[in-house]
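Paired with subunit B in one complex and with subunit C in the other, subunit A is shared by the two complexes that follow.
And now, the complex of A and B:
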């Protein structure tokens, strides 16, 4: 481990040498624009009291790496990614000139950022992912934001980050210093989506336990729920061949796993892919526990009976049979309106997909795994003169986000925008929607909650797409055609979020959501070992007892060492 | 020609024809599928119901495509890149191949130069040094970064191909021209280049196809999407995103972005230029590559 650090240091030193020449030209480039503000503004900043929304006397330049979606056509003619309603608003209110050092599509943004990090050709500020944040932190490429945050963060920003999302704040605190601003969103939970109309047709109840699940899936496969006289239905969807779809979310990619078996594992109290504590309180990798073996055994049994999609991990997109009306059950997060369901309802307006926090475990509880507290981080280049400018940018965003007219440029064009929301954003929104539908509250009652940025729009739209009775969520009580965009969001919220409204505190977190030093060299292989072993067990290509062989192989090939590193890291 | 009419040989012919038809179908099918996809309705495409025939035939994707300004900007960037890249290639290849086709007696540094060229073919500095070099040359966001970097990387192969072709031309031609008082420039332009039409067509075709299809450098060297060449533009809208690291409003935008029929239309339109150019250069293509490959 020490060896590794050393070689990294040498590599970095070499890189620094190579890069130093480039660094000069970089300075030259920005010198012209920096020269004016750098001297004067730092003095003005120190002279004035720390005002979260204070306007600079002299313009401050901020170059950013910006994600720009190529299919986003909301910008009016003449506006560009670095000259639009948001940049002008920022200029008018804060006197910050935002320039794009680079723009890239969501597909390529990560690659562009990595290139920028390894060539040390950094913009003043950009959004990075967890891996990139750690890399920059290790490389010493990050500006310390502790003072900037403590002095300049607005009360709302502090509320959202430091109070509501303390877990997220912890991940960016390195040696007591705040090195980045984390994204703050509520963690989505994986739940069960099921064709309610099929259940009703066959006279079944939503499956409460794994055994029920097996029975319902069996009925979905064998009793022709779609009534076409052919045995062409899939009981439970399985992960497909894309990266977005895994058997279960893991500690490195902990959110938004589509068509995995996360809730089934959780029903066995198994958390594969997560670092959990064993009976003695020591860290253990969830994929190596007896509970996981038990869950795999059940999945293999269901697969052999044909209840799980037989094209597991081969199918190109498991969303296809969901849309075409062949699939009866799948496991995914709450936002499935944005997933396959909008197209599914277009194909068949009677496809009634409902979500449940099921199946339950032996003790009658639903204990989902929780995703990492933050997946995106706003970082500032080391040596940037006005780190507080970045904090002010987010202050302004949080205060005024709901005021912008999105038809004149979608919110994605706000420079280095962090998704900032209270940790209970979707639950709060659903509660508010339910209250407004029930008539106990009016939309105006929520006008003092700017940090719930989409709430006002949601409240305005709900009666457009929801038909009476307001307490029934089945598809026939919705009107998607009134406003498909609004329906997509509101259906996702009302159907997808309601099931876990009162699960607070039941979730299981991973002890760690980042890599330890040995993982950097070994994890890819260990992950492959795991994926192959588990898939073979499920499809019956290997007996269940090959699980024990996997566990011993995993331990030998670095697992034991990694486990002790994890124990060290969480002390 | 005597036809062999035994049953065995007939059967063999039929077998070959069947195999060739099968190969042809596997080549044409993806193109056909893309076309069928682009003419289907969006939800049918998302449900995976489109196979060989459009479901719910309509031209909406193409209408939508016509309104996409960036598609045409990128298209034009790619056309410029191909014209400059292939033009430059056509200029430099004979100029380099001719001296290198001489023996070491005529050109003392020939072998040294050859080794240098082959070295660059086998080893390269990697992406980050390349990135820094291009940055130092202030070529970011310039069409020349695509033309030069891409061109340089394919040049050596093309030069070697042309050089072998030149070496196969009879030495007597060279000597006769010399005796008649022609200088090296005259020999190259009036004797070698006209004879080398097949190989020059071949290297041009390589160059055109390469510059048209290459997308990585567009991504690396362009800091703004409006400078992307066509394939880079298409790559960024076609590749599947991994939602596990996305925030919720990115997911919302992604759901609007996911549009298989429109993407299929883009891919199909992007294929047309190469499909059009290919038949015209193809006969040289086969001819040229075998001609350059055998040395007497």
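And now, the complex of A and C:
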């Protein structure tokens, strides 16, 4: 009897727990589902005149999918991703109530968006990538933004998007209709970062050609450049196991590849992962060309000599040895101050990382591949009543972005923010900085350029972190500790952007940056075939001639069909 | 005792379990229709165009399909065997240990890895076997050149099995230890009086005592022949070991979630489930036949 009572008590306790837990989650669910579809309900009547900054008479609700970085702690107490200085500013100026239909961390955001698309449970507006944009466009899930953009976009927004980034605007125009607002990408040039202090110590010059590169890497591996008496240095960093790090950027993810071999391939006139034209002017997939085979042969040779990180694709983060001072050379985009270099300099204030548009090809030129004109897209759900509200959000952002106090919530909390800027923003900024440092111009001379929104801050900060002589970029002529945030940006610009300021005409674009119908079903498998074949050749697990087998397999497993589709698509 | 009031709250306690099953087990079953459709999110799960067996036909035309099934079965079967034998041997050894404190300590320590997720353990394992990691340092002492363990396709399945056993054997051992304590001590005494040595006692008393448990676990494990462990493989593999390490679940993840080919991923997943269901059916009857154990 006693046992029975006890068991009843336990049963009740268990039930109570379960019930209360269910209750909680139900509440959450209903709150979320209230927020999601409410966009259309309150808004339809408010017909504002075509004023880019017009405030709605009645509140308009906009539910968004928002990326929220959990490590971002800039929000003051009491503020949330749903309610912060930006949402209040938007409410005050435009009378738009922004609600989060979902939030996701940067690592999960893409998956969350894909799920949202596949379940057709869409927020009113969100940021998507190229593939998702295409998918939504094919599915008919997108609202036509042509009228909203033409009538409501502010002159500045039109200048930034339609004039200066025409190529980006073309990518979102489907059958003559604007289906999204694009975020223009910078050219996505990958360059060589090298330890200048190691070069100087060993009495070497920056490697001009691939053969030089091999010699320098050999010296970095075998001549103990860090002077610790151990043979523990890595000549050239190799891609790691993360998604952001590939052998080379490809036409689908054409920018921001870390620790790949992009410039090495380009030095052989090889553009693997890109769609290029062959000698006869027909489209060909860059990974299947003889030039690529040649480049792979060279990489395999360097790997077998131990010049390339032996833990290629197995290492979890190739940034780690860069930070700890083991790596001598890596290939990456210009923004490495935001990458491993800030930590590297914290570890060793003498680690002098410099960037070069090298190695050169046989004709003495640096011909990098260029990224897709746009990488991110702001889309609006089909059927949303106030598509112009989204355009107004971006108008407001472009006009007032520099006014916000970022310590009260970083700019990432601005709802569905597109990083808007003229396509030559970094180059223009570097030129301005150089002029100001040389004394030929004053910061005030640039006050008429509001669309270069960070320029004023950059010009104000440069003399804080840069020490004389102003024309030398080595690390001893910088003072990172004065303002680490400013240093990160300015070092990236001055060191990272300068090398390719005059190069863009030389760049190679892919014929196509999106998928054709057959690719949608076949590409994962072809990509796997390629990744596996190339990596095996480089580490010597397969002979170089297995490249020919890869090419015939690739063609036979759908590559030929895809090539003809690409030819059709670019006509 | 009134049996009527007695049973009620037990059924009540079952309710949350059933609710869980309905939400996560039964309701998602309708998603199977995706395998026979050309899925379009706007038309929805039941409105998309019906394509019959097209997705399956395509699946079998892929060169990958054969290799991922072979990899999965190879890794899974090795895991099943190793996860049966290693814990049994270890339990026998532990059972012979006389110092109780020592026994408890060892038991606790070896089952700790079970509670860590593969996201964490994956990082640890990769570091242990990296070129400058402890494993290679030990090899170095014996004058063996460093091996890039996780870059070699030929080694990957064995590393996967080995690390999985290392993670789980402590926990699996508990079942055997329970079975061992269930053996009547009188049997050991009798064997001792008859002059049986330690080894003889293990052979004639201990092993027969855990035979039922061992064969039951073996039979029940059959249902897992197509589960090679997504979280483990996903955290350990890389393109260099695709040829021996890419399994059904990782392939479905890449195809379905990353490339948004939901139909194809569903078709492969469905095939896996059908084979898995048949195997579970076989294991059910086998369990009944050989060990007289019935689940229902």
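The rule is simple: the second predicted complex is superposed on the first by the 521 of 571 C-alpha atoms of A that agree within 3 Å, B and C clash if a C-alpha of one lies under 4 Å from a C-alpha of the other, contacts with A are read in each partner's own complex, and residues count from 1 in each chain.
By our rule, contacts are C-beta pairs under 8 Å (C-beta built on N, C-alpha and C of every residue); 3 or more make two chains touch, one makes a residue touch a chain.
Quick caveat, the model's predicted, so the values are computed rather than measured.
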*Superpose on subunit A as described above, then tell me if subunit B and subunit C fit or clash.*
clash
_For A:119 in the superposed arrangement: first (subunit B), second (subunit C), both or neither?_
both
*Once the structures are superposed on A, label A:241 by its partner contacts, choosing first (subunit B), second (subunit C), both or neither.*
second
_I'd like to know which partner A:258 touches here: subunit B for first, subunit C for second, both or neither._
first
*asked:* A:111 in the overlay: touching subunit B, subunit C, both, or neither? Say first, second, both or neither.
replied: both
*By residue count, is subunit A touched more by subunit B or by subunit C?*
B
*asked:* Touch test for A:520: subunit B only (first), subunit C only (second), both, or neither?
replied: second
*When the two structures are overlaid on chain A, which partner does A:323 contact: first (subunit B), second (subunit C), both, or neither?*
first
*Could you look at A:488 and tell me whether it touches subunit B, subunit C, both or neither (first, second, both, neither)?*
first
*asked:* Let me test your reading of the model: by the given contact rule, A:474 touches which partner, first (subunit B), second (subunit C), both or neither?
replied: neither
_Considering only the contact definition stated at the top, list the common interface residues of subunit A for subunit B and subunit C._
18, 111, 118-119, 316
*What residues of subunit B sit close enough to touch subunit A in their complex?*
42-44, 46-49, 68, 70, 127-129, 131-132, 135-136, 219-220, 223-225, 233, 235-237, 239-257, 259
*Which residues of subunit A touch subunit B in the complex?*
18-19, 21-22, 25, 68-73, 81, 100-108, 111-112, 115, 118-119, 121, 129-130, 183, 185, 188, 242-244, 249, 253-258, 316-317, 319-321, 323-324, 335, 337-340, 342-344, 346-347, 375-376, 410-412, 419, 488-489
*Residues of subunit A touching subunit C in their complex?*
4, 7-8, 11-12, 14-15, 18, 111, 114, 117-120, 131, 135, 139-141, 232, 241, 310-316, 520-521, 523-525, 528, 531-532, 535-536, 539, 541, 553, 557
*Name, in rising order, each residue of subunit C that touches subunit A in their complex.*
6, 9-10, 12-13, 16, 39-42, 44, 58, 62-64, 123, 126, 130-132, 148, 150-153, 238-240, 242-243, 246, 254-255, 257-262, 264
